[in-house]
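A single structure is presented below for examination.
Which chain is which? They are A, B, C and D, in the order written, and residues in each are numbered from 1.
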Amino acid sequence: MTSWTPQQVAAHNTASCWIIIHGQVYDVTKFLPEHPGGPQAILNYAGKDATEPFDTFHAPDALSHLPSEAHLGSIPIIAEAKSKTKDQARVEEAHKHKPPLYRVLNLADMEVIARKVLSHKAWAYYSSAADDEITHAENIRAFTRFFFLPRVMRPVSYCDPSTTILGYSSALPIFVSGAALAKLGHPLGEINITRGIYTSPSKQIIQMVSSNASLSFNEIAKAARQGQALFFQLYKNRDDMVAERRVRAVEEAGYKAIFLTVDAIVAGSRERDIRNPWILEDEERGGSPVYSEEMPSLDGANHLGTAGALTANDDRDMSWERTIPWLRSITKLPIAIKGIQCVEDAVLAAEAGVDAILLSNHGGRQLEYSLPPIEVLYRLRKQRPDVFSKLEVYIDGGIYRGTDVLKAVCLGARAVGLGRPFLYAQGAYGEAGVTKIIQILEREIVAGMRLLGAPTIKDLRPELVERIDWQPLVSKL
Amino acid sequence: MTSWTPQQVAAHNTASCWIIIHGQVYDVTKFLPEHPGGPQAILNYAGKDATEPFDTFHAPDALSHLPSEAHLGSIPIIAEAKSKTKDQARVEEAHKHKPPLYRVLNLADMEVIARKVLSHKAWAYYSSAADDEITHAENIRAFTRFFFLPRVMRPVSYCDPSTTILGYSSALPIFVSGAALAKLGHPLGEINITRGIYTSPSKQIIQMVSSNASLSFNEIAKAARQGQALFFQLYKNRDDMVAERRVRAVEEAGYKAIFLTVDAIVAGSRERDIRNPWILEDEERGGSPVYSEEMPSLDGANHLGTAGALTANDDRDMSWERTIPWLRSITKLPIAIKGIQCVEDAVLAAEAGVDAILLSNHGGRQLEYSLPPIEVLYRLRKQRPDVFSKLEVYIDGGIYRGTDVLKAVCLGARAVGLGRPFLYAQGAYGEAGVTKIIQILEREIVAGMRLLGAPTIKDLRPELVERIDWQPLVSKL
Amino acid sequence: MTSWTPQQVAAHNTASCWIIIHGQVYDVTKFLPEHPGGPQAILNYAGKDATEPFDTFHAPDALSHLPSEAHLGSIPIIAEAKSKTKDQARVEEAHKHKPPLYRVLNLADMEVIARKVLSHKAWAYYSSAADDEITHAENIRAFTRFFFLPRVMRPVSYCDPSTTILGYSSALPIFVSGAALAKLGHPLGEINITRGIYTSPSKQIIQMVSSNASLSFNEIAKAARQGQALFFQLYKNRDDMVAERRVRAVEEAGYKAIFLTVDAIVAGSRERDIRNPWILEDEERGGSPVYSEEMPSLDGANHLGTAGALTANDDRDMSWERTIPWLRSITKLPIAIKGIQCVEDAVLAAEAGVDAILLSNHGGRQLEYSLPPIEVLYRLRKQRPDVFSKLEVYIDGGIYRGTDVLKAVCLGARAVGLGRPFLYAQGAYGEAGVTKIIQILEREIVAGMRLLGAPTIKDLRPELVERIDWQPLVSKL
Amino acid sequence: MTSWTPQQVAAHNTASCWIIIHGQVYDVTKFLPEHPGGPQAILNYAGKDATEPFDTFHAPDALSHLPSEAHLGSIPIIAEAKSKTKDQARVEEAHKHKPPLYRVLNLADMEVIARKVLSHKAWAYYSSAADDEITHAENIRAFTRFFFLPRVMRPVSYCDPSTTILGYSSALPIFVSGAALAKLGHPLGEINITRGIYTSPSKQIIQMVSSNASLSFNEIAKAARQGQALFFQLYKNRDDMVAERRVRAVEEAGYKAIFLTVDAIVAGSRERDIRNPWILEDEERGGSPVYSEEMPSLDGANHLGTAGALTANDDRDMSWERTIPWLRSITKLPIAIKGIQCVEDAVLAAEAGVDAILLSNHGGRQLEYSLPPIEVLYRLRKQRPDVFSKLEVYIDGGIYRGTDVLKAVCLGARAVGLGRPFLYAQGAYGEAGVTKIIQILEREIVAGMRLLGAPTIKDLRPELVERIDWQPLVSKL
């Protein structure tokens, strides 16, 4: 195995593209078009050490796809005495003042803590949403317009919040909605979630694993316990063959359902995420800098942030007629559509015979001014109650409280997905944080069911909820 | 009588449980399951001096229920030179700057003063509400959506705001709604209220005494004047026999009605109350502490705050079919249901033949997003006006002004309950503060009736109130 | 004429009541029951010098009603070297920084300046409103829910905003609504208004003079120019004979109409006004004082502020059946009812045959939560458009802009009253300030009519206004 | 050519009016009545050097209209060592800290930067709106009440946002709405816009050039590229002959359409603009000055700010019957009406046979409380959908995002005009800023169309938009 100098590697930054990962040198020129995050994401590191972004975005086994001839040899690692950035120093200090876990009373507490202890990059990626983040805010705010009409004098000492989702038992009517890049927040990444949500087959919450997870679906499947159910969130590749290989591999790895993502065929413009590197750069320089004329314009190359790279190869021409039959033909797994945003498409999904739909606007990260999912659910309940008997309906987006979950279940949702809360929790406290989220929600859901006079999931009926005609003030965060 | 050393008592903290109260040693091991606040509340003090919490939560005669053999003897009281906590010092200073009572113009003034002069613990317990306290805020805000259509050119120099409640005369269409733990705010506790609201049989306001009062119902009944009417707020014990004993004792003590509480079968999550000890702890340590890994987790044991302990033995399986006939069978007192939260349950209550209902969401302290009581009243008036002729209807929650009372009475409420205002008033000024609340409300109610052109209670008709379709800005506090 | 010592006068403070005004001694014992502000207002100065409050509340000729034997003689004026209060010093400094009048662009500007240059007492009396001042705020805010549907391509180079009110010409569809105690803001008092609003008979605005003006109706009538029309705002005395004398005197003095006030039979609780002396007292002492136990309680005596005294003798038993025929029988002047607050009473007024009604909630100073007048006008237009052909309809309350005036006129108001703006303007700039208010409104009204495509008052039709279903944000002040 | 002294020129400030421009002396006495900005605007500089305002408001060729005898000769230019004003110093410093253009992610970013780098005068003129600027704020806020019902599973890899406007191709469904006085922000003025919006005939955005542009329509037409389409925004002179000359000259210069402005026959009261000189004056003096009694009152002369002068000679008596036939008779160009504000006038415009209407309230700069254009569009779509087939409908006002554009197009707008964003962009970054605005909107519009499942303009249908019944919180600026 040849040994190289940094200068030699640095020369390969144009026609050919070499990069360094963990002291090994790779020629990735031919791989560029296949990179799930698009070629530009790699070209930014052409001729340089790409270990850090590689570790952040990929599983350790991600290099196994490369042909052996791409591995060119090793390179001496030069220990750079890297000084801490201001953001790193801030994060380190913040962890010291992080409250003990028993003081975390609710999901908003967890978010406040995460905001303090996460790196700016992680916080920007997790929390950001499209454009002015109005949709994200309205997702949350929409729940405040649904009030309860609780029933009293009903026996509730026995109370059971468990249900099934696509036939798999779930201790609560919730699941982990696909959320990417957990390693930005914690070195163990998505595995913190996989481990934190499971106690036994009858005491588990189901995790939907994203195509964009920072660990491979195989690694996550291996981390799962015996009897633990996982779903897979598919971003369909534009090449049907590539997509089929992925689906078959996922099924083989033991995943129990495919959630086909349809609301993210191009990336939303998450501006806070895009601004992240500039803010860090200015922070390092100190204060409000004077910008020189020569400052290189990154315009165009960079305007989609972390999210942009992830959708580069996705299929933008899916259709009810073509895509659902194709997917049925290659897998026996139940199929759910993630990203339904109006009543009409819910009806089309039922007609297409899928097993479930997830009413979602991608946590407000895609199209600004897409209706809040709880509002879509409310319209579906009023306009087409028949749909609920044809497939399972879920929602995600904007959930902070057990009462939010209960409102959705009353209106007909079989289960409610949460994404960011689990990313925040694992980022702040690892696996224990994830478990804490479940404990909080269990307490809130059970107490809520009792106070509603509804001791089982089937007692949660539309009559218990009223959409009010004023807008409460919100003080959640 | 044997004399013990602290070490000896301290040894009895596991299989057997001894505690110290006012220099006396008690073996409460057998009493643990009967403790109204649940065993854990005592176990926290196993082997220790429990005088302070005993005095806060219980009447002096509370120990008379113990068998004599439980009284083991005395223990030398060691005078600890306890230094004042920061919170105690703050309270002491705040009392010096408290304005004279004649400057208290309204109930919000009183609350602002109470916030300053009460201990953090008292303020947290009194003021806190469930979850994000949205329901509590909306209870208040809901009144701002009801406007008046005042009538002019009607003789009003004669104006009489008096009424009757369950047959007992009341100088104003208001009463004291059950509110617990008055001793947290003032050493005399609930007796401040009992005394402050009564002048003569025809000039009195009725107090509903809580099962969770910090004085026993007997002590409060003894403090009442000849001709003064008291109602009892019952938290029904899960053991019917225990509950029956309580009801019979209450009736014997001279109480005039039973208000069966149905909206608090489990405790709401009053997070500000739960956080109270942590905030005091951090305050003593100074600023934002660094938390050690070893910090003991109190999780689970403590997550229900002061409220949690109080409901530990309550009956969670009450029903219209079983509970109302049982209660009728053991008492001749009129029965009111406290905690009706929707039109349907108001109708069921009427069908069950109870004498009155109190539309209440427990001051926003139980199920977050329960509809504001004035909104429930409005729906009941529109949808089922017949109910008002079958039983008396009251509301409580969110009352700050005479105009709030008048709106409710216009819509059909026979009377309106207030809880927190009396706790704040007695905490800040004792009995005189309570009387001040009555004076303020009397002035506001009489002036309001005159300006409405409605000189008597029966002139307060639904036509005088309009629910508007916009949301006024609120600046009460 | 006897000369007295202060000690001698001071002795007469109980069974008999003597007071000093401008160095003269009066025995007012017999006059106490007749005092329009009630006896207590005088008794506060029993045995003392009452010159300052006398000058503030009364016209110089007010003493002419006293019998000559009440004038006991003179008293040497002892020059007290009174040091300026902090509030007086503040006012003096503020006047130096007051902007020149040409910089006052709108009525909110004028209010901001007045707030700075008026004494705290004047500001508190003028600006305060009932209770939490929600009604006052909503009066203003209500206008923001009415938007225009302007018409284009209509000739508007000729534009005439003039109209008539009860037959008297008015240069604009506005008038000065009754507003009391102008001398609190400026030594010349109401005369600033009388002079500032008149140029010629065809170029005038009409002033409605309050019973509570700080100058007598005679003084104001004398200050008026030839051809200037004045209306009189009557607070009817409970004694019909006293009231009749007043009406006849007013008619004789040349007033053109009687506006019978019906929304203020008892005084609203204007808490900011009531607090005024306490704030000044604390300000003098500096900061947050420690209050002694002995501080005398003024409770009861003082709880109605400046407004309370003014309504002490008013008739609280007026009725449509009795009061209107009585008033018709004693005067030939047109009768308007000031203070109609709902559609039903507007209809009753039309049936009672009065000439006009002023939809008003007294600037939010009386019953909190009385509907904003523009909302009452809107309901009247929709529910009973016939009323507009039977009598003239005006509104007042919450007017800041020419567009506010135009909205009301479009909906059927013949004219719109303004009170506080004139008090602020004369307080800050005297007569010139009053004229400025007229100039601003004329510019805004004419420009608005042109941009609406409505060149004359009769072109201002309901079709030009739409009540919207959302609530705009307001940034007026 | 005679040489003059400043004193000689200064003498000609009354009966005759001489002014200095670029060192030349002109007698403009006879020209005064013809000045488009009215005589007063010139008289303010009678006998003085008017070079600065001339350069700001006029094109260099503006003097060519003067008869040669008006040019009296030259005058020695005395170099004044003018020190920078505080505002000039602020602007200079702000430009150093202006972020590089690639960091400008959206139109609000651009506005924030412009606010910092523009002179106070430019910012005040560009950003100000009528009265309290409620209409301007509501224009923006109105878009937040329209949410999307996006459709999924539709092929969108091909996506074409291009359209035609009055037959001319436009790369996006947007155009530059008439916006005046670009030179206030940048020395090159409107030409920055003309150049920045054009790449090729099939890749262009159309500019509507204002009568009040700071460059003449001829200069702007010359700056345009071959194949670039320009529209002309006509403020019709009250003299038909003057107006006709202007229309014929515009047609000859190659303009493709006439946008007749009908919502600005008198100037709105843009108070922030009017206050601008006073704020600068106080700033120079430092802090809150003491105003002397002698301070000259500019009242009346100046109360319309920059905008007032511009409309002095406009026709205030236009009508459907007279003006449209007249305009048709003098030009072959398509006619659009700019400033329709209600459904009824849209219908009248269709009946009058014009080619297009621009629903606009002049960016909130004219009549306060004119309905937001997107609301007028919504009502037009619901009440009179037939109008859309008779003429082209545009809107302008309040656009910040591609989603705003898409909402309007879904509801039937053929294109959407933007004014202020281009003024801000050229003021901050010149031509490159203008191009950046186009790039941002293109990215946002294309991504939005894909996420809506609507790959072409004709797929943008009303069914994709729902007007919601609550008011989202806005955080755009």
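By our rule, a residue touches a chain if its C-beta (ideal position, glycine included) is under 8 Å from a C-beta of that chain, and two chains touch if they have at least 3 such contacts.
Note that the structure is predicted; figures quoted are calculated from it, not measured.
In the Cα superposition of subunit A onto subunit D, the rotation angle, rounded to steps of 5, is 90 degrees. Each chain gets one centre point, the mean of its Cα atoms, and the points for subunit C and subunit D are 44 Å apart. Spacing of subunit B relative to subunit D, judged by their CA centroids, is 63 angstrom. Subunit D has residues 469, 471 in contact with two or more other chains. Judged by the touch criterion defined above, the protein chains form a single closed ring in which each chain touches exactly two others. Under the contact rule stated at the top, the pairs of chains that touch are A-B, A-D, B-C, C-D.
Across the complex, subunit D is touched by residues 96-103, 105-106, 108, 144, 146-157, 401, 403, 407, 443-444, 447-448, 450-452, 466, 468-476 of subunit C. Those residues of subunit B that touch subunit A in the shared complex are 131-134, 137-138, 141, 145, 238, 262-263, 265-269, 271, 274-275, 278, 288-291, 295, 297-299, 302-303, 316-320, 323, 337, 339-345, 348, 366-371, 375, 469, 471.
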